[in-house]
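We call the chains A, B, C and D, going by the order they appear; numbering starts again at 1 in every chain.
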């Protein structure tokens, strides 16, 4: 016998066209863009408590809060404003900078930082849409970065060709690395969440071993690879004053390609079908196990390419920790982007901004860098739970006075 | 009304003699694996070992009650005997498989043990240091304690239908609070009491989002891990580093050797010479094993995880059960965090370093049962302990590869030994009335 | 104990599932609730059982208003329910399932007293002659026995009112007879029985009182003596054509053959055991049998979802075994799966996408790996029009459609290409009368176009309505193949494993209450509303 | 749920209120705007900046040592400081760049990992000064490069570790000593190389057979925790060393060393050699002082301070600083509690070796040492 897990109302929700059309207030307040903006705002507000608490002056004034509260609130405001204005200056536009280049450089830094996140996020999004929870972008980024580095430091080729070969190597190696998890899932049913997590750790040890060998260190004594050849680096888009490189354009193209793959291609149809209902996909003649492998290959290839852009675009040399937190941030990026290519790009830009802005937040406002992680996690949690956002939102509370119904909202 | 004979005679009469003898295909994966591994063991661990090497073992450390001096064995001969024994078992298992008889559980366990011993003999062959067996085993137990608590936490949640990916965060939160409370009070047991509270809070967050807002439980878990890492890092660098003496120097949980039992040779020091948290683990595993499968509470929890609607129709409050279990699970994971720092270690950033995920693997490998989780966690603990011992004594394998050992073991376990397992049927699906 | 519903109203969004319902259930009475699928019977019972909170109205127990916050309250008040989809935990034993929620515990630590649990099962089982092993795992039991476990579960809680929701759907006629005997026994013991069904024959055989429900409202009461046609029109709201119009089969050559097919599941059970049969062009072969006797596995093996251990399956001389599902579909097999929501449709996909689910890789929808949204939409417009699918937009998720319209989407897709064989499992499960008529008509039309058709159904009514020949499966074997229109008692015995000849003898000796040769209603069979 | 939340909020608020009842400071609010760090007589218009590697400034290791030097400079020289912690290598360049953006006068990168970023920034900003801890600058083919505005701060740690190895071998009762590292980085293994050589020298001098567990200098392979944070692994690793007979342990893994002290405290006669700074003087090691045999000191803080001081005075030079026994840039810490327990012969021999190394008669080599000439 089969088990039915949920008691489902005997009919589908009422068709929107029928009868009571939701009024404008309801429509606006339930819109997902509003939820997203509110979620980001709320996460920033929640984090500002931590920012204030970490500030030494706020701590000092808190001791005599009741004696002279103005000190405390003034100091808190200064701390929070200082932190967020530095974030803005570091990530979007530096109004305090002296040269024009310096002023607009932050936004290009945001774009640069978002490139690997876009790639890895797209890879994960493909997996999520296909029902595979791939936690392994971290390892895939790293092995991809290593493959690109290997090509970049070992061979000498004409510019352009060298870059393309290095990227291809990264894609292939990243794909194969992820493919292990896909293959094991298809053949033995091994849970991909666990296998990919384990592969992340294995990748780190493997690369740190290779960094002590001729293969990646090429005779250096430090566990850092040599700098990749100029012929293998991404060309800069805005000249040497900026780090923004052509990888950004490739990332946007990749987002478009993933959109085409998922929405317009036969293969993508199969990916989505497997993601939405494996049984129905199998009954419709789709080779589900093959799809598992193909999805992981695609995801790994994209993540590997993300690793390549990190090395060939910005870092130029490889370390065991070169993947940083790209792979893990990419999970939240893909979730935030609701596994849609456009959403992923926008989410990656947001995370890129947090990343680009955090150094200045530290140096200029003395804000602990760990705040950024808290902000990221809070944003994703809130965005995943629109009802929570609506419950917490003042706008929605006020709107209930005018007949807005939170329950009527669709999640 | 009469029955007209069907166009074909009923299938029974057409049955060819061999049709009845057609049976399910014999699974060849088992025999091939056994014999393959056995042969590898024979060739690499025995035949390729220099004949005059010896391997030294140490079965007691200087602190033990009974002193046994280290002894040496000829490497090749010993590995040979062990490998041949393993091969014999492999053949036996193959014969059983072909005769369609069940391969008893002790066979793979003994097989694995023999191959492992052969490996140890090989890897330590010619090494002037003795392999400290008791230390290896004690290390395995110590290293597996947080994993055991973690996987118990996982199965408490999953048996009620909530996927708990946030074990890592719960361990970390538990460790953090344990350190702070133990340091502030100067009492290690106070830390042990506080840690479950921190874990429970993370569990409450998980279940809040999973039950009330029905968000994908894997997503919540992943994000909660990030959040806990962020918050503990923040608190560490802003609060703990300001005053490490008061906030980050927890006292050690004292070692309480159990009288008599701890004096048994080999087993005594390995099992009965630990701090309270280890004995607590024994108790929690035993109690959970009994409670989960024999008690009213356990029956209801499992019903909720397997078929929530059926549970609901007999008056069991499905979501309340899930909330309770997830919070309880979080608390158990918090204990694991406390165990991690029970030796009186200071808190450092991300000190759980992925143990929560290995605990998750142990839970799956242990098939969602407390004793299975115990066995699986011990296996991972052993892999980790082995890595340390070999690292310390010097081995021909680079340290990075030894470091991969626990992770590789996990993949092999999940892919090879477990394959398609049957999780609680309603796992991960929000219950909507 | 008297149970009364007054003005019960239950809404789901804008849909009113129960509209101001008044009903009374008396002690020692079998009260039938008759209504077609989706009429709101189950919703009402879930309200009564405390699973749903009503939006209006009240429940009275011996004239005292009561409120049930959950099934626990309802049970405490003496209401027991046997759900249509059994509420049993498959991995638990019978005893564990029976005591779940009111477990006897020993003194120490809340451990379950299994001896006492077994005793409870045995006691009730013996009292009614159920023959249920308390230590058997529920998932290993046949459905008929599972149902008895459900009844034991209700009785062990001293149910004074027992609600049976579509209890006969999974039973053979003989098992149904046994169930009716049990119901009468319980009635005599003073239990009020609420019997929910859409089968006229059963209602007339056992009910003391009949209330008919249509579109969430009680539209009238009837007596068991009323004619089937009257009951049917009261239930459906219009006069219904009770049979399937079909011309005699124009049988041509056999193009589909199954020979010595054996399928063994991973546990080693022979789920399909050395089966051979053939289907000819222009005929409908029904595979009948109680659920779980290998019919689903047979259908899935034909499609290539399951691997056979031995034997062969040929279509137009081409071997299908060993090929992938895709190969089988390409060979011209149309497949309507048993459970459309899990296997037939992807609920989050649009109607248009679901209409090309197994054609998405073929021209004209795909060219060089790229899908053509225009062609997909065009196809959807044509098909939904042809199959009269009621929808708002072809881009809406298919889950927004009603069950009947969803099934039409599946049929429209499977019949939208030239077929060499149609396999339809449970094609009308859970549909309303209008949809059933439509689906049956389309299947017959496919037969008349010369396609061999296999219908897998556990509903004898459907089998009898459609089949030109009937193959009865029991424990993985085909017990016999008999012509369409065979006596339902004979079929029932065959479904229980009795070979055709013996079944005929036995059936002649013991007519069941509802049997085809029941002299009281000789013409009943053709009037059956499936 | 809501009630619980409310109770929790109330409790927190009460706690805050109780602690917030102190009276405001009497002096003018100006006091609150003054930076508590600005205790120096006068402020100098000079900003020194520091970027950490992944470890962060609270790593109880070289980042922290560097940071302490920076703080000292802030307090005594009256300069402004800016700091940035890096979470991963991808941030090195961005962090260094944000320092450039902030208009720092001197930017110090801590750790060999920052070489590329510092080098690139130094080449781009010839008017700014830079310094790099633990690494020299090199061209793509690993040939050393000298920059006019960037100063490498290097340490011949192996010299001090050599003395520590000699001491350990002399102190060992069991004839076994041990060492382990955090990760196989040159700045880690340089300690282990020197240590192994020191033990070998002792054996050579005394005809003993003291063995070193945990590091094989030839193969450059040995015991590594795999990170610089898992103190529990440090503890169990040390326990295993102890069980294998080791009684002097040298953990080269920053805060993980706490795990070694913890394990040593549970055994008789086991001592630990601390690294980077004098572990005996560290507050967090207070309860374990009696276990710390000595420390292999690497004066990063001093080097940082000196570099800043020179830059403030306008004497910045890009000439590499190399910490040696000679200039006390690396050193063996005092024996403190072990003063009376160590064989006087061993102590005098160590002094002799120290003199030999300073004089250049004895060269302690390590593949991890940066060639400086």
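One rule holds for everything that comes next: contacts are C-beta pairs under 8 Å (C-beta built on N, C-alpha and C of every residue); 3 or more make two chains touch, one makes a residue touch a chain.
Remember, it's a predicted structure, so these values are computed and weren't measured experimentally.
Summarising the inter-chain layout, the chain whose CA centre lies farthest from the centre of chain A is C.
Averaged C-alpha coordinates put the centre of chain A at 47 Å from the centre of chain C. Separation between the centroids of chain A and chain D, computed from CA atoms only, is 34 Å.
The mean-CA centres of chain C and chain D are about 74 angstrom from one another, to the nearest whole unit. Chain centres here are Cα averages; for chain B and chain C they lie 44 Å apart.
Those residues of chain A in touch with two or more other chains are numbered 3-4, 7, 205, 208, 212. Annotation for chain B: residues 237, 306-307, 309-310, 312, 398, 400, 403, 425, 433 touch two or more other chains. Multi-chain contact residues of chain D (touching two or more other chains) are listed as 184, 226. Pairs of chains in mutual contact: A-B, A-C, A-D, B-C, B-D.
Partner chain B is touched in their complex by these residues of chain A: 3-8, 50, 53-54, 133, 135, 184, 187-191, 193-195, 197-199, 201-202, 205-206, 208-209, 212, 328, 331-332, 335, 368, 370-374, 376-378, 380-381, 384-385, 387-388, 411.
Taken together, the chain B residues at the contact with chain C in this complex read 1-4, 6-8, 10-12, 14-16, 19-20, 22-25, 290-291, 294-297, 299-300, 302-303, 306-307, 309-317, 425, 433. The part of chain D that touches chain A in the complex is made up of residues 16-17, 19-25, 29, 32-33, 36, 49, 54, 82-85, 87-91, 93-95, 97-99, 101-102, 112-113, 115-116, 135, 140-142, 183-186, 220, 226, 367-368.
For chain A in complex with chain C, the touching residues are 1-4, 7, 9-15, 17-20, 264-267, 269-270, 272-273, 276-277, 279-287.
Interface of chain B with chain D (complex): residues 58, 61-63, 128-130, 132, 134-135, 138-139, 142-143, 208, 212, 236-237, 241, 244-245, 248-249, 252, 255, 340-341, 343-346, 348-351, 353, 385, 388-389, 391-394, 398-400, 403.
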